[in-house]
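One structure follows; several queries about it will come next.
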Amino acid sequence: MRCKKCVLESTERLQDSCGVVATIGKNAAEKTFMAMVGEQNRGQDSCGIITFDTETKLFYPKKGYGLVTEVFKKPGDYADLKGEYAVGHVRYPTVGSTGEPQPVETNHPMQGIVLAHNGNIANLAQLKAELRKHEFGFKTEIDAEVLLGKFVQELMRTYHDFEAITSLMNDVDGSYSVVMINGKGKLYAFRDPLGIKPLVYGEKNGTFMVASESSALQTAGINLLGDIPPGAVLVADKEGYNIKQLIEAQLNTCVFEHIYFANPQSVIDGIEVGSFRKRLGKILGARIKIEADVVMPVPFSSNPTAQGFAKSSEIPYKEGLIKNQYVGRIFIKKNDEEREMGVRLKYNIAKSVVDKKRVVVVDDSIVRGTTMKYIVKLLYEAGAKEVHVIIAMPMIIGPCFYGVNITSYTELVAHQKTAEQINHEIIQADSLHFSDISDLYEAGRTKDFCVSCLTDEYLTKEGQRLSQILKENGGKMERRPWDE
Amino acid sequence: MRCKKCVLESTERLQDSCGVVATIGKNAAEKTFMAMVGEQNRGQDSCGIITFDTETKLFYPKKGYGLVTEVFKKPGDYADLKGEYAVGHVRYPTVGSTGEPQPVETNHPMQGIVLAHNGNIANLAQLKAELRKHEFGFKTEIDAEVLLGKFVQELMRTYHDFEAITSLMNDVDGSYSVVMINGKGKLYAFRDPLGIKPLVYGEKNGTFMVASESSALQTAGINLLGDIPPGAVLVADKEGYNIKQLIEAQLNTCVFEHIYFANPQSVIDGIEVGSFRKRLGKILGARIKIEADVVMPVPFSSNPTAQGFAKSSEIPYKEGLIKNQYVGRIFIKKNDEEREMGVRLKYNIAKSVVDKKRVVVVDDSIVRGTTMKYIVKLLYEAGAKEVHVIIAMPMIIGPCFYGVNITSYTELVAHQKTAEQINHEIIQADSLHFSDISDLYEAGRTKDFCVSCLTDEYLTKEGQRLSQILKENGGKMERRPWDE
Amino acid sequence: MRCKKCVLESTERLQDSCGVVATIGKNAAEKTFMAMVGEQNRGQDSCGIITFDTETKLFYPKKGYGLVTEVFKKPGDYADLKGEYAVGHVRYPTVGSTGEPQPVETNHPMQGIVLAHNGNIANLAQLKAELRKHEFGFKTEIDAEVLLGKFVQELMRTYHDFEAITSLMNDVDGSYSVVMINGKGKLYAFRDPLGIKPLVYGEKNGTFMVASESSALQTAGINLLGDIPPGAVLVADKEGYNIKQLIEAQLNTCVFEHIYFANPQSVIDGIEVGSFRKRLGKILGARIKIEADVVMPVPFSSNPTAQGFAKSSEIPYKEGLIKNQYVGRIFIKKNDEEREMGVRLKYNIAKSVVDKKRVVVVDDSIVRGTTMKYIVKLLYEAGAKEVHVIIAMPMIIGPCFYGVNITSYTELVAHQKTAEQINHEIIQADSLHFSDISDLYEAGRTKDFCVSCLTDEYLTKEGQRLSQILKENGGKMERRPWDE
Amino acid sequence: MRCKKCVLESTERLQDSCGVVATIGKNAAEKTFMAMVGEQNRGQDSCGIITFDTETKLFYPKKGYGLVTEVFKKPGDYADLKGEYAVGHVRYPTVGSTGEPQPVETNHPMQGIVLAHNGNIANLAQLKAELRKHEFGFKTEIDAEVLLGKFVQELMRTYHDFEAITSLMNDVDGSYSVVMINGKGKLYAFRDPLGIKPLVYGEKNGTFMVASESSALQTAGINLLGDIPPGAVLVADKEGYNIKQLIEAQLNTCVFEHIYFANPQSVIDGIEVGSFRKRLGKILGARIKIEADVVMPVPFSSNPTAQGFAKSSEIPYKEGLIKNQYVGRIFIKKNDEEREMGVRLKYNIAKSVVDKKRVVVVDDSIVRGTTMKYIVKLLYEAGAKEVHVIIAMPMIIGPCFYGVNITSYTELVAHQKTAEQINHEIIQADSLHFSDISDLYEAGRTKDFCVSCLTDEYLTKEGQRLSQILKENGGKMERRPWDE
């Protein structure tokens, strides 16, 4: 049996839910920059661009911590990134993280390879150990480097790019939406056979682009062509592109993407995110009967859900919680006092909307419950007669090994609790309601979702094994250095 | 007659529309920090706090460029600001500005005075010249230093605080909402006799606070007590506070505050800003008849206006323009191409809301028209069949000498033009509609507004004189260093 | 009797031994910058320049931490400091210091005054208390602000500049070499009636300059005209300058200036520093008889002393200790291990000069003895057969209240010890020798020196009182915040 | 025939004369840091350390611009660099350089390799082209990456470390002193078969170290064991070390090392640098007859030379030029005015030493002559009756392709000129004297020097070819981006 330490390593970097971009075309760095801004919602911790110039045959990197518009403050900041090939990456913010920004790179073979990745590798530790045996070493703890190493190893074994990616897909357990460019002028983009994380491509006026979300293409002015299918690879160069299905696959889009991560205007695997949310709100408004005077979202991810809820429940929609657009990243909250201060800085209440009213407040999900508790408190303080909480996501009862930063059973407020218990012990509203998985299927008009965290049943072998070990350890891993 | 150069000086720093805070109580720096975040909408260019500690008898300053949460990144960043007295300031962003952050200060008399100000002084040049004759010199170009110098001069003449402020009110032409603390443990707050810029006060649990907006009090957890009347002074110390009317006065709240600057949940001179906007939207929706499928705001200042418009026009309200929350401050735009890029980075379109639809888009105001032009372009690109533009503010036909950054006739898109001409030449929508001044009066249920920029008739002598000079100079001032 | 806490305050900021510059002429900022580089030896902790421009009538400040060439890295960094008047300051490095850079300033009277100071005020606490009574407050803990406040207070009492300075000289106990400019285009420079700290002036091609050391004038290309006499003021404007003796005075140049602080090529009160050191070395070489193979300095302050010693002793002079020019400021040393590391990083040994040799090593002074101990250790490690230590300064037996950072009896290695004891307990060389006060008088060809720290007899009332209190407190003050 | 563009590329990065360090042992980062400080004279532009930890199996990098003590300001700054293996590098400052700091690295094979290098590769362009054919790409323009790529390529061909290095030595034309560590716990150090650049090794208390200069070992407290012979490799791990001669070789130490680059206390290929300089000074003092009152060095590289000259000429040695230790790196000089300002900031004159005296001033070398011209001017200004200039280096008549930043004939002041012409046209002293090559051989007691730049005859094929092309192009290359 494996020791706790090994579990630890094998699940490290769970939190790397991020956004990727790869571009071929004139001003590749500028287009990549724009696309990264357009999917900045996927990660605000750090970012980076590496370009390749076919003339100088050099790679040009620029990485940094913060928003894309903080790292690239003015045109000159990406103007140095010469060339017609670029890979970009935005990284998810996680408290205490020491992780470096992507993309990662190697100088050989293929005259150098640059890679960026969104997802989570469940069998990371095993892969790392094997790669070391094959003389590959690691410069960082970034999981993308393992994907790079694996690709390099298989390439040097097979001497064939598609075979190498196929081998990778057979051996890597987890979610990964990957983009790569190399020093020979090729762009590769591929997606794990479960299709958990999104990956789309598009084109306009000679610029070809792959990105995590269609909002990225839109901001860069690129027309969406489609989703890269699970288990497939797209290869492109200056002449054109081609998609090839490498192994049998089945779509399981992460349901958190539709409810929380993604931009409302993005289209993921054929579903427009905002419309999904509105339909889900309508379903909930029709099902959950509440006598109330006003429905309001916790802005902004829940705006369409609340609007849907208002429509079917016929309770007026109003903006009662005003989000402060200028708060920026606030210092790390170490205790309840600082967490409450954080919520106060982030949200103001429109007193006239709330005072003496029965309020329905709609949010996307509850993981640990610390924010919703203070929002409810603020609403009562502002004079609300009643507060009813609607949560778009069903109750989360299991950790995620495929890209969402939930790493134990014990951190979950819904772990072995009912909605009523959660409300009574933490949220302290007049009522608390969650959606069901069937609501999600109805809103999505499909069942092609990964709902592992809602069912505690995992799609992959490694996921099943890790959840078992966690349960044996009392639902919890040892503290890891990047946890707070 | 005055030369153009003199006009220049007398109107310098027009753009200083800002936010002020002054606090007495425990953790004065922290409370001030929170309040500044709560009125960050009033200025994102720079900020500062100066505290006074009655024990060490020292003043502690910290100023910097950027958001409040950028300058004060973590608790330690204001923890050094010791004492139970604090003055804070947030400054309006202006392209190319070289201006330093407030508050300003002097070391004598009163054992030191710290002052911060929101507004604009029309007769700045004359006041500066007089102060120099009285041996006062200037360390910066901040207009607040002129108010400080004037107060010091009058204090050394009269040996009486209220007399000094009364003299100041008689001699300073323009708008000014001022807060001051001194080394003898007093807080002063006063507002010009026209009451153009807001100034409110409140208290909770032994903390007393003055701020520009009630949203600042709310974020700091302070209960709003009321507005400081025009022409009055509030004086406070650890024992309590007192308000005294110094000269005869008449309220003329800047109408731009209600439509654009202020937080929707703020209450200014008795009017809740968000409700004002919603009522204005309803009035416009009832008056302006458009056949359309959807009404959407340019987020976020126009959300309530658009909701009001939707209500009375019975056209469905939808969020079709999605504002990217993570853009941050983008590099200065020097040409049309960069301006278009700026709009693309800032807004995405929910295609399903817009495609093949007749769209009504609602925005707060049009000054130069450069943003709305590209929003309309984006909407057509996304498939809109028709685009109709509703502007909450009437047509702006004159500059402002009282705190809004409009410094000439020629920069105004509405200067000597009709709405139709503006639409035809610049906006290029299917139709363009503005509100009337009477709509504002109806929505505000009062006429106590400054509408100088809408009528080209100015409330003060200096305003009348400056507008005259501008007209003689062809409606335009020479380029100033901080203009782009 | 006074409490310990009061002693504390009255001696705070003892360590401010610094350098000042004031300039009238074209490119005043550039000339001031050059002069500050030329006396950078007087302080490397922080620096600042404030200029005054008679055209804009504004003051332009720039201050920062580090070397002059770190704060002003390129021409543009002082190019913004417009005007024909400038005051500059370099500040002494002290571990743990929180003190801000000078110059200090006020906005009235005289249309603003900028002041910088080198020295130490013994009766600081009393002066501060009195100034507060006269409505003056303090923005910093910089002692220069007290001189500024005192000058302002006396000016507002007497309405006469020279009378104000005379009053200041009568009331301030300690050392102060002061430069000031004001918003009316005057430069003032004055020196305490004991003449403890240097202050020189010069001119070339229409540029007039006052500085702490003549090396500053030389670097700026200004010809030295002379020293400002003790108790006198120099006043200058664009037309010319004038010196006026204000009160009776007697020269007592700080002997530490000649032995350690000052540049060897500087001329202070008529004595060239390098020649003084060489003569002192000759005297010591003639008096102290040692059988040795080589004489070497601890570079660079002791180079001339060691050369003098070599000449009269007829032992060959060689450079055996090589100072690493690129060490920069090294992190604060908290323990013996880090102190030893500091010495190892700073000095290398030329093995061929030292190996199997009897070595005489010459240093300027021993205060705490921590550096010399490790130098001796390094020499033995490199193979020295014998190590003899010569110290140019006599044994320091008392603290300094006039500008040298020695604040207690207990920190002094020579406190109640003989040279033999010091060598035995700490230095551990074969022998250790100090100069006598009579050697200093002979080398200086004058007795006009302050030797208070060598005699424990103080020149001023406050010095006498403070030394008495220190003795009553066991020779030691309570730890102060800036001590490590 | 080759085009000019190719010459350009093949000689790019000539200026990389630097210092390397590699360490095995506890606290490898700290020891490497200390050693880098001890050879900081070899490069102040940028620096970096990469460590390898056998426990985490990760590489830890930290690089930056500036001095070692600027990039690593406090112990914590290298404390994160875990592991018992480290490679460090300091880089030569070159105006306008865009080059990144070393070391360079690859993640495979050998589980990752880190490499740093001092020297210059003459056939860089050819090697790069070949490596690209073998699928190796470049992330930077650093020449060390070419050495790394070459080693990797040969390793993957031969599967044997020594064979790979032997192949590298056969194919790389130029100078290179290289250190490497890998992820399998080995340290390699090797030196080109001409032995142009130094490379020494040593040990103490279980710490093994390779460095460019013995001064680095001394500062780190490591005992010097010897020089790595030309054409040999040293391989070490935690168990011990071994040296193996790989190809036939002949020592040709760069004579610039002895005269200018190296620390005086360093021992390079058996010669103590300071003693070499002193002997050279004596030889010159005996040969060149000048009637003068004083001999002084341009500090500090020429101090021993001047002391030797004084000894044999019997003219007194005095320190008349005082170097300002606090100037730091001064802004780039773009014209004569700024160059003169630079010299004024850097040097002061002890007037008493120079005034009315006949002065001999000794400097190490003259390449472009811009500094010496202003030093002579300063001496005359200070009253010197006569100024005679002695240059330790013979006249430089050819460029260097092996590590000194001289890249053309035309930049050389001595190109097709006599000493008299140089003095007349540029230096303008009373006389100007250079050493001869025979003086160097006599002072060094050997002829094992590279004197290519003094004879215009080059040691390698590529050097001969490049000098020929330069001559055909009129002695000059096209301007390159990093030239000023």
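Labels for the chains are A, B, C and D, by order of writing; each one numbers its residues from 1.
Quick note on the criterion: a residue touches a chain if its C-beta (ideal position, glycine included) is under 8 Å from a C-beta of that chain, and two chains touch if they have at least 3 such contacts.
Computed from a predicted structure; not experimentally measured.
> Farthest from subunit B in C-alpha centre terms, which chain would that be?
Chain centre farthest from subunit B's centre: D.
> Using mean CA coordinates as chain centres, what's the gap between subunit A and subunit C in Å?
Chain centres of subunit A and subunit C, defined by C-alpha means, are spaced 60 Å apart.
> Approximately how many whole Å separate the CA-defined centres of subunit A and subunit B?
37
> Roughly how many whole angstrom separate the Cα centroids of subunit A and subunit D?
50
> Would you mind listing the residues of subunit B that make contact with two or more other chains?
none
> Can you tell me, using the touch rule above, whether these chains form a line, ring, star, complete graph or other shape?
Chain contacts: single closed ring, each chain with exactly two partners.
> Can you list every touching chain pair?
Listed by label, chains in contact pair as A-B, A-D, B-C, C-D.
> Enumerate the contact residues on subunit C facing subunit D in the complex.
Per the stated touch rule, the residues are 34, 37-38, 40-41, 44, 67-70, 73-75, 215, 218-219, 221, 263-265, 267, 272, 274-275, 300, 303-304, 307, 318-319, 322, 324-332, 338, 341, 344-345, 348-353.
> Inside the complex, what are the residues of subunit D that reach subunit A?
Counting only subunit D, the residues touching subunit A are 57-59, 61, 105-112, 132, 134-141, 145, 148-149, 152, 182-183.
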